[in-house]
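Two complexes are shown next, each including chain A; its partner changes from chain B in the first to chain C in the second.
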Partner chain A sequence: MSVPVEVSQQTVQTELVAAAEYAAAAGLDLDTGFLSEHSLAFFVRFWNRDGDQFYAEFQCEEYPLYPPTVEFVNKSRSERGTLRLYPQGFHPTPCICMRYNRKAYGERGGPHGDWRMLDWRLPTGNGIAIDTLALMVSDLHSKIRQSSGRMA
Partner chain B sequence: MTVDQVQDSQNPETEHPSLPHIVHLRVQTPRGLWSMQEPKDATKRPVYPISTKIEQVIQDAREVFKFVEQDSKYTLFRGDEILEPQRTLASYKIEDGTLLVLSVQGGNA
Partner chain C sequence: MSSQQVPVIYMTNELAQKTAMLLDSFALRRPSEGVVYWFGIESRNIAVITTLVVPDADTSDGCVRTSVVANAAAIRVITGSPLVYIGQAHSHPGHHVSHSPVDDVETFARFEGAISVVVPWFGRYGLRINECGVYRHLGGRFRGISDVDAHLRIVPGFADLRPAKGEGDINAR
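== the complex of A and B ==
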């Protein structure tokens, strides 16, 4: 099963309206400059409580059937997924261990062999279902802003 | 702090005599903006006496946008500043028209 790239692109662009409004109000930097039919990626810059900057990449191929792959990258986006790019408080693999992150699933090498990617919109535990791009940005904003330091 | 001082700190007129008694807020959430105009079908509007606690604003914004899950974490921000639920709008010198942000955090795996 796959999703045509134009469907994913249209869905991402539609959902990014709310994500952009949220990011602007929260003082986050949302970069959609790379978003095209050839690259369904966008980036968000967050700050933790110490003022350290963190850059998250959202790769949205086959969205919304499957969740995006969300990964921390460096400012120039030449390095990704290393401990020093992660804020404290995330899974030590390292991984953003949420259903909205494709990397968290066992079939993608993540820690959750008990999750199915098709169920990504389900809530984690008894919390709210993080099922839109704006909610993903908000979830990360809340976690990172209240954290201190890096994982390495 | 004496009893009188405690009472004074809870009285917005005494603490901030130049502030209006009522403020009209805007609250950005991941599901949209809550304001005097939006969403059109909102059951309440963000108009508050400045003696209102932050937790009341959070509760009302959750109600408007149907954030019903109790186990999620809801935090109100003014820019980069986290607003403590038990403090009042007056204690933060929140002004009329201020834009706040409600962040919503999902559960942890």
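== the complex of A and C ==
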């Protein structure tokens, strides 16, 4: 099963309206300049409590059937997924261990063999479901801004 | 229902932002709604929020519920003081700030004039009243308020008008 790129692109663009509202209000940088039918990726710059910057990439192929792949990258986006790009407090693999991250699933090499990707909209543990791009940005913001330092 | 029958509620910006911080504190470890009760002093025409109380709410599923015991404990805080319950603020996960049917029937407390404010994004970036849902219990039920200024006004609680001084200027005044 796959999702036509036009569907994913339209869904992402629709949901990014609320994500942009949140980012503007929260003082985050949302970069959608690379979003096209050839690249369903957008980027968000976060700050931790020490003022360190972190860049997260949201790769949204086959969204919303499957969650995006959320990964920390460097500023130039030439490096991704290394420990030094991660804020403290995330899974040491490293991984953003939430159902909204495709990388967290065992079938994608992640730590959670007990989750099914089709169920990605379910809550992770206790809490409400995080089932839109705006809520993902909001949740990541919450986790990063209270952390201090990098994983390496 | 005319808003003339219920007092205009005032609160300082400091308490408004503290409310948002407290709501956000429910969602630090996991995405969860939160609730803060507002108490204050009320007269015929105005009410002033002076006191924030965070009830021991059940947020085990990410939604907020308060038991009779939790609400009683919150009320106990103001017992013996001139303070009364003015209303409450609770948070929603996203930008939607409409009262849910559950909010309509379970919000503590429901009486004529009680105010209920829904703060978006878990209160994560503050309380901006124009982005909140504002409801008031009028005529037996919570009603969405469009003329917010006639019901709730945020006023300054602090001002420091001294010229800004650089670090190291502590002896300059």
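By our rule, the second predicted complex is superposed on the first by the 152 of 152 C-alpha atoms of A that agree within 3 Å, B and C clash if a C-alpha of one lies under 4 Å from a C-alpha of the other, contacts with A are read in each partner's own complex, and residues count from 1 in each chain.
By our rule, a residue touches a chain if its C-beta (ideal position, glycine included) is under 8 Å from a C-beta of that chain, and two chains touch if they have at least 3 such contacts.
Just so you know, these numbers come straight off a predicted model, no measurement behind them.
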Check your understanding: Now for A:Asp139: first (chain B), second (chain C), both, or neither, which partner does it touch?
Key -> both
Review point. Of the partners chain B and chain C, which touch A:Val44 in the superposed model: first, second, both, neither?
Key: neither
Review point. In the superposed arrangement, which partner chain does A:Cys97 touch: chain B (first), chain C (second), both, or neither?
Key: first
Practice item. Determine, under the contact definition given at the top, whether A:His112 touches first (chain B), second (chain C), both, or neither. Key: first
Exercise for review: Based on the superposed arrangement, let me know which partner A:Leu85 touches: chain B (first), chain C (second), both, or neither?
Suggested key: neither
Check your understanding: Which of the two partners, first being chain B and second being chain C, lies in contact with A:Cys60: first, second, both, or neither?
Key -> neither
Review point. Who touches more of chain A, chain B or chain C?
Key: B
Practice item. Report, in rising order, the residues of chain A that make contact with chain B in one complex and with chain C in the other. Key: 18, 21-22, 25-27, 123-130, 132, 134-135, 138-139, 141-142, 146
Check your understanding: Which chain C residues qualify as touching chain A in the complex?
Key -> 24, 27-28, 30-33, 59-63, 93-95, 121-122, 124-125, 128, 131
Practice item. Spell out the part of chain A that touches chain C in their complex, as residue ranges. Key: 18, 21-22, 25-27, 123-130, 132, 134-135, 138-139, 141-142, 146
Exercise for review: Spell out the residues on chain B that touch chain A in their complex, using ranges where they run on.
Suggested key: 28-33, 67, 69-73, 75, 77, 79-80, 82, 99, 101, 103-109
**Study point:** Interfacial residue positions of chain A with respect to chain B in the complex
**Key:** 18-19, 21-22, 25-27, 47, 91, 97-100, 104, 111-112, 123-130, 132, 134-135, 137-139, 141-143, 145-146
